[in-house]
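Got a structure for you, written out below as structure tokens; questions coming shortly.
Letters A, B, C and D mark the chains in the order given here, with residues in each chain numbered from 1 onward.
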Amino acid sequence: METISCNNQTDVKITIPSLVSLKKKQEATIVKVNGVEVGGSEVIIFAGPCAVESMEQLFETAGAVKTGGAKILRGGAFKPRSSPYSFQGLGEEGLKLLSQIRKETGLPIVTEAMDTRQLEIVAKYADMIQIGSRSMQNYSLLKEVGKCGMPVLLKRGMMATIEEFLFAAEYILNHGNEQLILCERGIRTFETSTRNTLDLSAVPMLKNLSHLPVIVDPSHGTGLRWMVPAMAKAAVAVGADGLIMEVHYKPEEALCDGQQSLRPDEFNNLIIELRKVAGAVGRKIS
Amino acid sequence: METISCNNQTDVKITIPSLVSLKKKQEATIVKVNGVEVGGSEVIIFAGPCAVESMEQLFETAGAVKTGGAKILRGGAFKPRSSPYSFQGLGEEGLKLLSQIRKETGLPIVTEAMDTRQLEIVAKYADMIQIGSRSMQNYSLLKEVGKCGMPVLLKRGMMATIEEFLFAAEYILNHGNEQLILCERGIRTFETSTRNTLDLSAVPMLKNLSHLPVIVDPSHGTGLRWMVPAMAKAAVAVGADGLIMEVHYKPEEALCDGQQSLRPDEFNNLIIELRKVAGAVGRKIS
Amino acid sequence: METISCNNQTDVKITIPSLVSLKKKQEATIVKVNGVEVGGSEVIIFAGPCAVESMEQLFETAGAVKTGGAKILRGGAFKPRSSPYSFQGLGEEGLKLLSQIRKETGLPIVTEAMDTRQLEIVAKYADMIQIGSRSMQNYSLLKEVGKCGMPVLLKRGMMATIEEFLFAAEYILNHGNEQLILCERGIRTFETSTRNTLDLSAVPMLKNLSHLPVIVDPSHGTGLRWMVPAMAKAAVAVGADGLIMEVHYKPEEALCDGQQSLRPDEFNNLIIELRKVAGAVGRKIS
Amino acid sequence: METISCNNQTDVKITIPSLVSLKKKQEATIVKVNGVEVGGSEVIIFAGPCAVESMEQLFETAGAVKTGGAKILRGGAFKPRSSPYSFQGLGEEGLKLLSQIRKETGLPIVTEAMDTRQLEIVAKYADMIQIGSRSMQNYSLLKEVGKCGMPVLLKRGMMATIEEFLFAAEYILNHGNEQLILCERGIRTFETSTRNTLDLSAVPMLKNLSHLPVIVDPSHGTGLRWMVPAMAKAAVAVGADGLIMEVHYKPEEALCDGQQSLRPDEFNNLIIELRKVAGAVGRKIS
């Protein structure tokens, strides 16, 4: 049987597929991103700019987040934008900048591939492939990252149920790849004061149903810089295995999502506070 | 300026891009699908099975819908399925069956391409490319269909706003392709008694904002065979330029979406009723 | 057993209570509002201003809607407003104006009671009690209107499922009152270009599950005057037993909801078009 | 001017009314419930059964939550139930039991009034009036609790925006009552694995816009006993001024919401963990 009803313990009436299920595999999966382990006792910080814009921007921002405590650098070279008239990313040029910065900082790189053709190029430069929210049900892409042999970060679709999210993850596992991290990044609801509604209950729900690590993106989840610290603390308290946050050395000049990007000093201060919360729930941030 | 505020007449506070806008181009766009015109005074019926399954199934169903009044045949060869364990479609073999049936019935074919690589194969066989709901924000794919020179059917994402829908359409137009039909197919809401909530207000809204034709899919919009006729009549009354409906000669044996597929006799009877409604609102179904 | 699973024919997995159920009572309920029958072959038009503002406004508007074809006059004396600083209605003074207009026009009156204490006053003047969207789960009020012996118009809560709507109706029936009309008036979704999303699939769904008449409110359902005619036609086509629409003799001066109120001439023209649609689906508007 | 645009600092485009606004009154409001202060540095725990069922149930549960660390006892005597066939609460008999338990334990009582007539009875026995989620826009009730001179707990409607929530609160303040606590209790979204989606971003949002205290209800917010601890920790980390949780001495025998009620030992253990989280964010639970 390929799908199984969920744990009685959870009182949840959903059916999930077998490879992602905690019933099938009881121990937590540890995902290794160029030496960094996600899914263990440490809460891992992913940080960096929304989009790669220039060497200077990337160098300044990457240096700052490394100092602050980030273990993995995020940054987009191919950007999914609602408008064809918005900045679409630097493409392969951006990937090259990311790879140079990795050399200088030692930080592994996670960056998005938006379709099967981009996947080949992205895989040449990145340490981890990000599948974005709008691509969560791009099944052609899921099958290909399932075969690519690299760690994958799968973001929840803004309209995806927990059940659909785990079925999307199953596509990757059943094509051969278990090095997969799930990411809650906010869902679309009727509420408009925040960009999305960050569904923190997804963290305990996913961890009760699946062995895969779960991280949280409070930047896209709120769309508001000033709200990121509060939601980041809540995400650590609720049991997330990591956080992915947008940081920019000059947010007011950012080509993408500046209003939700932390400044380096805000990021530094936040990590100090997050260490206390992590300690309070038996985790740590090194 | 690349985006424009919407018509005062509409009292709607949204900003839409310029190429799709009725402000930029006042006359309605007519999309021609191998001789069939969509967007004129006639309401065009697209019908056929959810997925191509076999020659027999396709032959029986296509014959029935042609007799009933359908002008364009639908049928999926590549199927986006929530579970990797569900039937994924016959692939190129299915496209070949579709192309044989076109020869026999003369009906133009619309079928889905799920990613940029499939697009090349699908374009060899089809008369019109469908971009499915889950792909509405697959920007790589939108750019490619914008360049492909064929008519395109763009389905609204199940959680896409009208504004996002028109921005997705703009990607296709600004890559050179104005032969584009928009399709309302139901949105995701809190209501669960229907598969989706068919948002018929999208039809007058889109037609007030854009020059592009708009059709409605009451099959996915409800998920319930018995409800399709009522919603199809409402869609014609509200001003849709066409309907796309799932029909299967043996719904209880369908490999996909049988519970929302009409039987041939139900389809025939429905078209007879739809002709009356079309007449009542100054349209016709030939 | 007090609740029953719904009809197999409907393929819908919901449980509904017994008194409202079509399984329990197969013939359609006809609700009589001071001689006007709702639920038979005729589609009944309810029309009038959002709020009663003055004798002149009510007189001019009531006369116009009667001429146009309305059979029941709507108008609020007690208004539920989001802000305490908005016009709250004329209260009992408004009810007196409504009762005078009834004498002059012969039109029965439907008006809202917002709580149990208002119910007594409203019942003295009105022919039918409206329970508004925000009160659909005001169970104290539902029990009282269940005992009041007058026809009731129950509007669907903007956040209520079909199942919850029918359970709310059951409160009224099981307190002794079967003279109940259900009203779909738009639900809250992520879409913001319309005030609400008018869920027309609620009409066939409710009529498949229950024997109660169902009407539609395209004014609140869209919030946009120019969109009301298209959605009103769709509502008749989908099978509604009536329509309730806001009409104001001078919408730009309305104290409440002017932007969604039809002008008298727009209302007249709409009814002419609605008669054609009603005829096309085997109904009539006299 | 009666409404003001929100703080620039928040980057949020909403308009809120003046009395609730942090612009109008910069210091945080402290609400005093029979000696217990909510809104200061201490995080206050409200706990108790969903419904008052019997003296034994109330005595056992109240004793346990007091020992565990609760400062205010919750329990419903009038219950808003979706079905007329469900347990509707003990009514005034339940209020008497609550008042006896207050004498024995010294815990102040918060309990719901569902309409204006119940308000008089409830006010005789309770220390704080709860306005439930379904009543958030019962404006008659809001006006009356605004005049009643007692502390009020206002729960967010399950489909109310932040803006609507603050306008509902304004009704209470502008009728003379500033002793008001806001409660986030989960909103309705498309996700069905949890009973509601607990919107923890509402806490920092409300505290940035208003001077009123904000508490969180993780019991209704999740509907799942096993998930309450994780979400309670997150609520404290995000900055809530208190938590309201359902506890029952024998959840499997509860007449209402047993599946989301903590057992006394689970409650005790949770408070121990919550104290650590409170400490990590500069708060305390005594």
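In this text, a contact is a pair of C-beta atoms (placed from the backbone, for glycine too) under 8 Å apart; a residue touches a chain by one contact, two chains touch by 3 or more.
Computed from a predicted model, the values in this text were never measured in an experiment.
Contacts with chain C and chain D are shared by A, B. Two copies of one chain, chain A and chain B, touch each other, and the residues they use overlap strongly: the shared fraction of interface numbers exceeds half.
Each chain gets one centre point, the mean of its Cα atoms, and the points for chain B and chain C are 33 Å apart.
Chain centres here are Cα means. That of chain B falls 47 Å from that of chain D. In chain C, the residues that reach two or more other chains under the touch definition are 159, 188-190, 192.
Looking at the complex, you find that chain A touches chain B at residues 2-3, 17, 80-85, 88, 114-118, 134-135, 137-141, 143, 158-159, 164, 167-168, 170-171, 174-175, 188. The touching residues of chain D, when paired with chain A in their complex, are 9-12, 14, 159, 161-163, 187, 189-194, 197-201, 203-205, 208, 221-222, 224-227, 230-231, 233-239, 259, 273, 276-277, 279-281. By the touch rule above, chain D contacts chain B in their complex via residues 159, 188-190, 192.
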